[in-house]
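We just call them A, B, C, D, E and F in the order they show up, numbering each chain from 1.
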Amino acid sequence: MTIPIVPKLLRSHLSDLAERDARIDGRGRWEGRELEVQHSILPRAEGSARVRMGDTIVLAGVKFQIMTPYPDRPNQGGLMCSAEVRPVAGRNWESGPPSPESIELGRVVDRGIRESGCIDVDSLCIIPGEKAWQVILDLFAISDDGNLFDAFALAGITALRNATVPAERFEVGEDYQLSVSKTPMMCSYHRVGGRFVFDATAREELGGDERIHITLGDDNNVHSLQKGLKGIFSAEEFTEIMDNAIERAEELRKIVDEL
Amino acid sequence: MTIPIVPKLLRSHLSDLAERDARIDGRGRWEGRELEVQHSILPRAEGSARVRMGDTIVLAGVKFQIMTPYPDRPNQGGLMCSAEVRPVAGRNWESGPPSPESIELGRVVDRGIRESGCIDVDSLCIIPGEKAWQVILDLFAISDDGNLFDAFALAGITALRNATVPAERFEVGEDYQLSVSKTPMMCSYHRVGGRFVFDATAREELGGDERIHITLGDDNNVHSLQKGLKGIFSAEEFTEIMDNAIERAEELRKIVDEL
Amino acid sequence: MTIPIVPKLLRSHLSDLAERDARIDGRGRWEGRELEVQHSILPRAEGSARVRMGDTIVLAGVKFQIMTPYPDRPNQGGLMCSAEVRPVAGRNWESGPPSPESIELGRVVDRGIRESGCIDVDSLCIIPGEKAWQVILDLFAISDDGNLFDAFALAGITALRNATVPAERFEVGEDYQLSVSKTPMMCSYHRVGGRFVFDATAREELGGDERIHITLGDDNNVHSLQKGLKGIFSAEEFTEIMDNAIERAEELRKIVDEL
Amino acid sequence: MGGYGDVQMIDENGVRADGRGPGDIRPITIETGVVPVADGSCRMTWGTNEAIVAVYGPMEAHPRKIQRQDRAVLDVAYNMAPFSTTDRMRPGFNRRSREVSKVTQDALESVVLLELYPRSKIRISIEIVSAEAGTRCVGLTAASVALADAGIPMTDLVVSVASGKINDVVVCDLNKEEDNYGEADLPMGILPNSGELVFLQMDGDLSQDEFKQAWKYNMDAAQEIHKLMVEALKEGDSQ
Amino acid sequence: MGGYGDVQMIDENGVRADGRGPGDIRPITIETGVVPVADGSCRMTWGTNEAIVAVYGPMEAHPRKIQRQDRAVLDVAYNMAPFSTTDRMRPGFNRRSREVSKVTQDALESVVLLELYPRSKIRISIEIVSAEAGTRCVGLTAASVALADAGIPMTDLVVSVASGKINDVVVCDLNKEEDNYGEADLPMGILPNSGELVFLQMDGDLSQDEFKQAWKYNMDAAQEIHKLMVEALKEGDSQ
Amino acid sequence: MGGYGDVQMIDENGVRADGRGPGDIRPITIETGVVPVADGSCRMTWGTNEAIVAVYGPMEAHPRKIQRQDRAVLDVAYNMAPFSTTDRMRPGFNRRSREVSKVTQDALESVVLLELYPRSKIRISIEIVSAEAGTRCVGLTAASVALADAGIPMTDLVVSVASGKINDVVVCDLNKEEDNYGEADLPMGILPNSGELVFLQMDGDLSQDEFKQAWKYNMDAAQEIHKLMVEALKEGDSQ
């Protein structure tokens, strides 16, 4: 992603809005964009999802491979999560090797899902020490209007919950549903016009400062945190965000549970 | 290859010539350059050839490796064809990773040879499911004065027909001649000064437009086609080229057969 | 490393000094900088050393891996030597793939150690044809004030002599000292102000010309030579350097032997 | 081409395993405006293929060295998403994708009125999110719709379609199984108004007569697909 | 996090295997001026971690396209030397190192007075020559000392430290074994004078209450480490 | 060096397996003008080695940052073709080729009158199309002939040749088998008119006396090879 010249006008406009507790698209400070979640939309993937949050659109696909378990963990399969933001998704994304931004995207989403323990890696073993399933979750951006983090995380957990283990194709038994025991949810906050807001758009990201990503489990346990970009925040600000994330995560989890 | 500034003067000169049905080096529209084909010229290769077409010179070398057959094709070996145009061959070729031009060169020549079925991959099996020969055909440009495609294709099939399977060195039996059952021939046409000509030189390529590559088998069956570069052509133009290619391919095949 | 603009003033200053047989830091022509050699300084390495020559500081670390012996040498392990000069070590070193300079550094030091035969690769065999030790010597620059070659070579042989084969960790027996039968020493000479000097600083390298590296074994046998950079030297100049290297190498070997 | 003659894919009445006749194409849907942040976009499904194409530009061409004083440059990237294939496709450099990108770019540069936008760049991203057979045809066809959706002037739309051969019979628009065991593949890029070509590849084995039949099937299918493209663009405009 | 609950790493009295209490940190040493050719540098040992940091600059930012008209840019590279880990670390590109470099750079850009040096670059090289656990904290803390040693103005030093959870008990500053089997890791980058944060990551599993305890341990440890940093800088000045 | 002392490669009368005496070199042929599109070129066979060298330039040095205001730069690339070795050589980056390119460039920059062509570049491509032993010597020698063929002024030609040791006997110009089992290798780049050196490498094990003998063999062989180079250049001129 090339460094966009941050327009000073945009920054000052966002500050003015913040003073009146307003946002550029009319939303409230903690209000998310219109959300649409679909699953089973990719014919070649064993599990898939499409998430639309306003003009941000992403896909997630789950594929399976047979792996040899690591010698020190002969009863475990693996989970790999990889995020790609290719030039299709926006004017500022460029082709070439993965940018630091897309590496961070992948690693932060991966951590939230992995650390929640939602996939029981012991259940992925086929023959101890010989064969196990490797689950590969690929996150793919179609249209980036900001907050790819939450869109990826939401599409990712939805695709996993949608996934069928293709045992027949690999000739190791009958197909069965991948077991996903938890539903971690990521909530992202950007500092815009001086204060943090939920689910920022691309213009808010462009004229904003640091961001904080929180992944919470079903029981409000914290599974991953990440602060991104240059910026200083206080303990009080963080507490406010954490409290809000507990509410937002619950709302999102309800949507996924009802699919 | 850096983008050469196409000299408008050259283009208009080539148009003038075309109007008089003439070419820059005095040849007729369907006339190839002086041709020289040699084989057995590389001491370390198991098969080799050198082709000179005017000031275009290329080498082809065949090497063998032992491979494990693919699980779904336990009785088959493999054929790999790779083309390199390094800076030695001309002022505009640069070092570094393979350029789109040289990737296209390799793939087009490879397809013509592979699709003709001239190498029976079943005959390359040594022990079913365990060992098979991988034939590697390397095409290497020494001097690029245009139409590397036909030079590579001609050198490639000549080197394959010249190749000895080095079974003794790999301790799997006695050496024997590689069986090459067909002699596919590629003929390339460039649009120069508005109409298509056979066997273009580098200057004709520089001042020309799209090109069309046709590979024909012994029975005039079509094995591969490729249109390259920006340009629009009509069905009538294509028919004329195809008819010419049938004649040219026969002439070339005679030369190879008589080596 | 970016090409530094060689300051003409520096070159002429160095020439003036050379005429008076003087050096920029007051040393004699064949005099090395103050030297400090330490070993066992890296907790995670199986052998390690730190060398300080004036303001040039380097580390060397030895690690072991289990390898499968090459089919044609079933009773032999391996030695790999790799040198890295990262941006930490100086203003002109840049990140990215290894520069030609650092590749040369690694290969020259590697050759001196390898060709001396100081590591008996037969002694690295664990189970013939199945398992052998691969010794990996990593040379790492902390501060580059010139003559990284000799600093790397000295740290390298010291770290090897300090190394313990970690057989217990790999569950193939008891730990034991790596056997190092010889102590090759590299001495490097740079042409500065027209004549060769020993152990050049970064400023002398910057304002100098070609360099010559000599590695001598315990018996003064020659194990490796390398001339680097543009420059012409005579047989007489070389003889003078070789004679000096015999003296210098003996001094350095004494220091290592006394550690 | 695989060329395994023993798999029966077409019966003596010319009916193919999926019920199509020799000259029939698979079902197609086309939709524009599917990438909201792009200047133009298209989603095309064709059998179980799905391509998403976004067009950005005309915009400043940088780095400067790729600029052309007298015309725009296209920057076409064809890519297969990791979940688009039965065996996961590893992301990253790939010779096949590079070559498809190049021939697609050559085809589109033949129709876009590049000289209207000197020094600028038009970026065309073709993402195959589900692959069956014939993805390069889907990508090229969808790209020309996306260019039209972006309002980029062209001399004509490009319709791309392939015919091939199965069990020694020439048929149009191979599906996945036909492609695996087929004996030839002839993809073409056709200008529907003039019948001229901007793209042509072929591999396999076709006699001169078979070749002519495959060519004809492609020409006929192009007319049919062209209608769907025009409809989709009209629908997009009316929204 | 590994989360192997059956390895006993802390006893019923809250004493850890290496003798520390839950809130105690490992031994730390800090030294400046260790890279003679650099503009500022720091060597920090922390348990058996060792980081060496060199700072070069401010100097001209090149290539030109990375220049910012109104401020300096930082160029932070975190790297683990090949001999820094039990299994040799292969040199070269590495996603983890890239990410650590990025979050470290984000943290340092939050405190360096960048606008004092328009168009220039400050290069910060963090080399982990021995790794135990918590190398990103060691690197970030040592980098802020090296910046101070180079005389680069900052609003505050950055102290980085991590707490975590072992055997369901929250503890500060995990050592190698605790990190291998621990159930959570919460590294923070703290400004010791204001208690504000410039760096925050976490993974594993912490209840809201555990999270608050880990946060508190980090805040307390930061004050302790800050004293050592100030001492080292004073010693460096007096030499 | 391999150093397998039990393979007998030279008998008690100093006769080597291929019939040569200790100081004899293998057969050499030299031809110029072999790359018609280049400004100068040379094909050299030496035993079963074959090198083809093309010289392009002087031409504008680009990118600009490699330009030198006061002189030309050389851009030397040594490469082994995939079919040049018994086991196929994979194309692409290769540390050995990089190093040989660098030492060859250093040697040639020592003799080319670079200051005659400020801001320009001379490109020298060395392709080993058949490799036996001593390819770097063949490449460097052939490159100096190709430079002369291109009319680039030099202070002298460079002759490169290597001596070594087999079965504890010093011999000149090792062939493939001698190189595999040899105990030392001393390649030098010699200016035949002055006896000075522009290139020197060595590895293996040579006593000080053996070293002097190897040095002498190289000096003598250089005179012999120089004659062949001059002849080839005269022949090229007369065509």
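Side notes on the structure shown:
The definition used in the following text is that a residue touches a chain if its C-beta (ideal position, glycine included) is under 8 Å from a C-beta of that chain, and two chains touch if they have at least 3 such contacts.
Just so you know, these numbers come straight off a predicted model, no measurement behind them.
The minimum number of touch steps linking subunit C to subunit D comes to 3. Set against the Cα centre of subunit D, the chain with the most distant centre is C. Each chain gets a centre from the mean of its Cα atoms; the one farthest from the centre of subunit B is E. Within the list A-D, C-F or A-E, C-E finds its counterpart interface, over half of the contact pairs alike by residue number, in A-D.
Note: centroid distance subunit A to subunit B, computed from Cα atoms, is 48 Å. Subunit B and subunit D have Cα centroids lying 26 Å from one another.
Contacts with at least two other chains are made by no residue of subunit C. Residue positions of subunit D touching 2 or more other chains: there are none. In terms of which chains touch, the assembly is arranged as a closed ring, every chain touching its two neighbours and no others. Beginning with subunit B and heading toward subunit D, the contact ring passes through the chains as B, D, A, E, C, F. Interface residues of subunit B, counted against subunit F in their complex, comprise 42-45, 48, 55, 57, 59, 61-63, 65, 82, 84, 86-91, 95, 136, 138, 140, 142-145, 169, 202. Chain contact summary for the complex, subunit C toward subunit F: residues 100, 103-104, 107, 111, 114-117, 210, 212, 217, 219-235, 238, 242.
Listed in rising order, the residues of subunit D touching subunit B in the complex are 1, 3, 95, 98-99, 102-103, 106, 109-111, 186, 191, 194-208, 211, 215. If you check the complex, the residues on subunit E that touch subunit C are 34-38, 48, 50, 52-54, 56, 59, 77, 79, 81-88, 91, 123, 125-127, 129-132.
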